[in-house]
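Next come two complexes built around chain A: one with chain B, the other with chain C.
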Partner chain A sequence: MKSGDLFRKILLASAISFALTSAPLMAAVTDQDIANDATTTNDVVSYGLGLQGQRFSPLDKLNAETVKNLVPAFVLSYGDEKQRGQEAQPLVHNGKIFVTASYSRVFTVDAKTGEELWQYDHRLPDGILPCCDVVNRGGALYDNLFIFATLDAQLVALDQDTGKVVWKEKMEDYKAGYSNTAAPIIVNGKVITGVSGGEFGIVGKVEARDAKTGKLIWMRPTVEGHMGTLDGKDNGITGETNKSWPGDLWKTGGAATWLGGTYDAETNTLFFGTGNPAPWNSHLRPGDNLYSSSVLAINPDDGKIKWSYQWTPHDGWDFDGVNEFVSFDLKQADGKVIKAGGHADRNGFFYVLDRTNGQLISANPFVNKITWAKGIDLKTGRPEYDDANRPGAPTGADKGQSVFAAPSFLGGKNWMPIAYNPGTDLFYVPSNEWGMDIWNEPISYKKGAAYLGAGFTIKPLNEDYIGALRAMDPKTGKIVWEAKNKAPLWGGVLTTAGNLVFTGTPEGYLKAFDAKTGQELWKFQTGSGVVGCPITWEQDGEQFVAVPSGWGGAVPLWGGEVAKSVKHLNQGGSLWVFKLPKTPA
Partner chain B sequence: MNMRVLVSLGLGLSILATSLLAAGLDDIKNKGVLSASLYKDFPPYSYVADGKQMGIDVDIANALAAKLGVSSQIRLVGADENVEDDLRNNVWKGHYLGGGVTDVMLHMPVDNAFSEKVDKVKFVAPYQLEQVVFAFDTNKVGKQPTLANFMSDTIGVEIDTLSDLYLLEAMQGQISKNIHHFDSLSKAAAALKAGEIAGVMGPRGELEGLLKDRPDHIQVQSLVTPGLARSSWAMGVAVKADNEELAKAINENMASLVNDGTIKKIFEQYKVTYTPPAIAPEVTAKN
Partner chain C sequence: MRPLFALLLITLLSPWGWAAEPDALKSPQWEFVHKRFLNGEPYQFDGKVKVEAPADAEDSLNVPISFQVEDLESIQEIVVVADLNPIPQVLRFRPKEMRPHLGFRMKLQQGSPIHVAAKTADGLWHVGGVWVNAAGGGCTLPSVGTASGDWTKTLGKVSANVWQRPDGSNRLRVRVMHPMDTGLASGIPTFHIENLNVLAEDNKVLAELDLFEPISENPMLSFDVNRQTQFRLEGRDNNGNRIQAEVAQ
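So, the complex of A and B:
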């Protein structure tokens, strides 16, 4: 890559000369740019619009009054037949929009004209059976690089200007069932990633690499008993070996970090959620099964765990605990401010934790029906289980008791990120109201052999809607407003200082709501379901909004009654960009 | 939640480019090729050794093709979360990442209750009865062990199999602490040979094949397994449901391969005990 190096040097040189004279137009992305991403308005250089993941923009030209004038600027089609599940969040930098697409693709367009500048199609090996769909949730910008993870569990760094591969690192063996679909984050020059994989035989981990070279710096496993590393040397085991697992199950305990993580600079802490434990049936693994279905607070400098909190100890419902942990200032009545974090779990509870130590502050339902627990005990921080509603043990020929559990394993909220608005002091949660019948299925086969599987059917809880965008007050735990949607919500949320909340619907709309009241103010039909994450930025004095469109993800894969509400929806693959013109037409 | 997504991924998808198309009987005869999906890295049934496709299922597929008067084209595929997924990926729909389908897939259960759940394919031509058994080290557990031995002795399993889930619960959970999980049965068998564990639980064909050069102190036999609902099942061939002529031809030709001893001979070549299925493949009179 000699020519690439040369090009990079020229780029850096020109960036320096610009910096000496005037505003840096061609600057490489720096740690400072990423640290300031939440407050700078002319770019979006990180997943979450700032590493805390608040998805809040201070822009207010576009607001509850002006949003009616928001019009399309341009649209990019991803082309070919790979039209499936566009769950990404785009990034904007240096006059370019970067967006990942299903099947591990990347598109870059000129932010002014919408003209495609380059496209990268990752070559996927034959015969892969990737876990968890073919979506990709986004990339990270650093220096002159665009870094993203692929279905075959590689981390790929592309030149922002040419789309050429600068470095490529194998994160895990795809043949062993590993994959990756989450957006990496960059913290002080390190690219931080999790890993996803099939249910069995894998162990989750968080890894930090040198963002410029891809070289591994530290690795932290998420299941107790496994050794972490720092600079190639042992760096202490996670937790205490075999404290909360029977036999050798900790060796294959699951707890995949498949949704990536967030970072808080004030406490210098990474927050990574972990998936459910293996095997699936909780009766086979008595104990808390640490650190499955948890959040781990990790020091980004050395990969050591600072604290942990387990959302669902001894998870028996496949709830996972991967959903994002969003740092925010919890303002108390007496004027005191607690450094807190908010999290809407699959299990239906909205948690507020003290992010300096992991202490539980509050946990309140953000969905209408929760059967697995009666509540979360604020003293112990543990759920008060309803044992009658735990799926049964896989005993012999019996079908096992069928249990109705709510939320369903797709969660009160799934992967789609929430947003926090410091102006309204509200969290905006894309939630779904559904439950599941779940039972042991003795008549099942795996790899040609008899097997003990689980049967399940997802059921909507209401006739007229499944999805509900909800505003949660983190101080009271109360739902302040909700906007219902017929189909399940599966897209991320954006909120702005213009008193707006944006999110998409499977029916194809990008919608804007009044952040205080929930009143729907604007919508636009994109032609396919919106399950991606909207962003906003300012360009030449005009405010822009972008969101991918393309129906897919996990919802259309499920049979039963849920499928009926989404069966007619067409797949797609495009990036829609809108703007508020200086002078409305 | 990885498991559930994986289980049903693709149900709502349209097929991408298909390089292989399942063909009717006439098409197969015209093309001169029968395509078959078999599990990869699955000794002694289907695997690659010295760059060559080998194994009991490979030989059976070849024999079946020869009976039909065509050559065989064998695709070795990875196992998905369950057989329904494998059938969707390889027989009736094709994987969403491409590759298309094959005419048949071997090593498929022939089980009426299961067939009722899977209406996209027909399960025909049962050729073998597979059974869950134990391999054990007589130096460690003696020559007449029972399941109770493994309350104090170690036992290996392939992770996330019937044997694994059964042993985790068996004897009121008293065995679970002694289970060693391996990502393949080959590794469990190697650990048994190396004296690292006292026993292994798994399908007979796999265990006998993997332990074909076993010393005298390693034995393979069935033990009483209280609470295990099914310890044996018939293996056959899956064909796309609307491909009736092919299903009939496969059934008839497999019947003659079973009856003339060809199948038994193939198993013997790999030093695996041959147990014919309870239901022999039907020989339908030609009309």
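So, the complex of A and C:
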């Protein structure tokens, strides 16, 4: 028996070493895979289909002619009673589809059959404090890991094959109002994340960790006066203490980085948007309140700020500046190409900036009604405020003068990501037409309690529609086409070389539009509102499209009068996958 | 390569006439338990593996079990399985520098055989067991900590005791606060300690434990250690929450 035993051990050992050397080579996601994500068509390994966030696929099998043949391949139910907003963007790699769901859950299915391979349900404390539904927007793939952030502000790395926790790091204290819903991104081996909690007087920050271990590398606060770190050592204060904030208010200044960020390899720059300054009542904090409602260009190597641009200085309307900044080539009439970035802000303006230095190139409305500012001055880069439409200061214990402001604080566009198509040179913006009555109230900071100092009601601006998917020409700032929708749009956009634009509606449809004309070409009813982000990829010679379905998000929670147009919508929780069959049925 | 490998395995295993021996507890699940948790490897029922448990469980959420393996050398691993539990595997214990003895509490969904199998260096599993009657329901109820919401305040906290046994060696008892939710109660995801290692002061590993869902809430574990009086505990749950503690007499 002895010799037999030995032989068996050797056999086993050789089998193990075989597995160790070959498996990761096939499965591991590399920095190169992520850098190439925008151009490779057989996988989707990053949030935004490439870190620039263009959400453009070069696939064209599915196009304006063939999209009528797009049919469901399979559907996964998330089950459980936790049917809340499903805002995630799925990822596809190595024959698996990875998707996050409400309540910090992760599902992985076989990309061929749709059969569930594993599910991870993060254990959440009862006391979590998410402001706006218990959503999650997606994960990141790196090496053999699926990394995502949770509602109790933890960062969890799961084994792609088993769903087992490989590492977990606490990002912040959920009891102080921190949470996390955004998809992390991976830049050169670092996992880059922001934080949520701007409604609770937290301090926003961007963090970079070793993606394989979770170890913190650098941290950059987004509010002026706070110290950043690199490798555990001080790495300079953000901005200049008290330059644009009075007294101690910067200590609870908000500017949450709750939507994560994008990355441009050409300039080696991270772009992270920042949320509203806290509290909402702007009269308490004279000054620009840097770097709230801004975009920060950050060096991913050390967390230093390269430049910043403030969309809404001294924000008094909760015009979060977190919306994604999408790198693209701005082609000018003289043939010159400017390294630019496009951004559709909550405040109703579509901005084009030079992404090498943050200089404003243009800012034009992408919604029909803007009352808080008359325009953006291209010389100074600052808004021309209409002071009559800033909510007044509270007097004593009484609320201040109420004003009607448009857009509402839910924004001309909210979190749902835009897409840019280099073929049509157009941005596709899921926008909403609504305004709000807003007033200020006395407020003081208390840990873990809402820190707004404002009251509000949201009102639709039109009887027949709130949502409008709009094509914006970044060269002219003009709206090229629009497709109206009764309920507010709340889902992400995808565009393809097949001249298509995909987005979902709260009414339950995933729709495809002609990218040049806006003509609706195809729609499918998924059974619940679509507020997630569609993706596309190629598998066994067929083009696939996937999108989560499940109504929820901030609209039903905060929507005021808008609730009338959405209260009949049913909740859900599923991943829909479609394909264009090789031979149409 | 693969057919040859399988052939070899059968040849290697055949001398023991594996899976031929009937289970003294007449467990309807024994064949499955053998295949799934003992990897279908050779075994024998063996009186050297002694299992103590009440004949009738008073509390299905906290059934006290203890086992001692006597007169067997170089034990690689000990597996505890409750054959009729919806999640049968209870724990795996690898005593390295301590006696192959363990006391713990577990949840029972219904009356069930409790099998304890100890694998010796020659690859043979030595199996003992008892039958415990239980009113049932232990695995499908929410833990007390989860139902009350208190679990976040105490998660991962450790309390411990060390005392001397008559022969001069020591007994170590630890309790780790954790809901140990099985995932079978409606709407409550699986949440349990996955592993727990007992280390000496000098970081030498004395024993490794893999714990599974059937272990009772706030696991209480008794180890028969040697003469050490200071210990370290290290472990993790399935959410990646770490357990770390130092124990001194």
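The rule we apply is simple: the second predicted complex is superposed on the first by the 536 of 585 C-alpha atoms of A that agree within 3 Å, B and C clash if a C-alpha of one lies under 4 Å from a C-alpha of the other, contacts with A are read in each partner's own complex, and residues count from 1 in each chain.
Criterion: a contact is a pair of C-beta atoms (placed from the backbone, for glycine too) under 8 Å apart; a residue touches a chain by one contact, two chains touch by 3 or more.
Note that the structure is a prediction, hence the values are computed from the model and not measured.
When the two complexes are overlaid on their common chain A, residue A:156 makes contact with chain C while staying clear of chain B. Within the superposed three-chain model, A:215 lies out of touch with both chain B and chain C [touch as defined at top]. By the touch criterion stated above, A:453 is placed in contact with chain B alone, chain C being left untouched.
Contacts of A:564 after superposition: neither chain B nor chain C is touched.
Contacts of A:121 after superposition on the shared chain: chain C is touched, whereas chain B is not. Once the two complexes are laid over each other on the shared chain, residue contacts for A:374 go to neither chain B nor chain C.
In the superposition on chain A, no contact is made by A:243 with either chain B or chain C.
Touch criterion met: A:168 reaches chain C, while chain B stays clear of it. When the shared chain is aligned, chain B and chain C each come close enough to touch A:81. Set against each other, chain B and chain C differ in how many residues of chain A they touch, and the higher count belongs to B. Residues 81-82, 126-127 of chain A contact both chain B in one complex and chain C in the other. Contact residues on chain B toward chain A in their complex (touch as defined above): 1-6, 8-14, 16-17, 39-40, 42, 77-83, 86, 89, 95-97, 99, 107-109, 111, 113-114, 117, 130, 132, 159-162, 164-166, 168-169, 173, 176-181, 183, 203, 227-230, 233, 235. Put simply, chain A touches chain C in their complex at residues 1, 4-5, 7-8, 11, 15, 80-82, 121-123, 125-127, 156, 164-168.
Put simply, chain C touches chain A in their complex at residues 5, 8-9, 11-12, 15, 122-123, 149, 152, 181, 183, 187, 189-191, 236, 238-241. Residues of chain A touching chain B in their complex: 81-82, 84, 103, 124, 126-134, 175-176, 196-201, 246-249, 251-252, 256, 258, 275-276, 278-281, 283-286, 318-320, 346, 393-397, 409-411, 414, 442-453, 456, 554, 556-559, 563, 567, 571.
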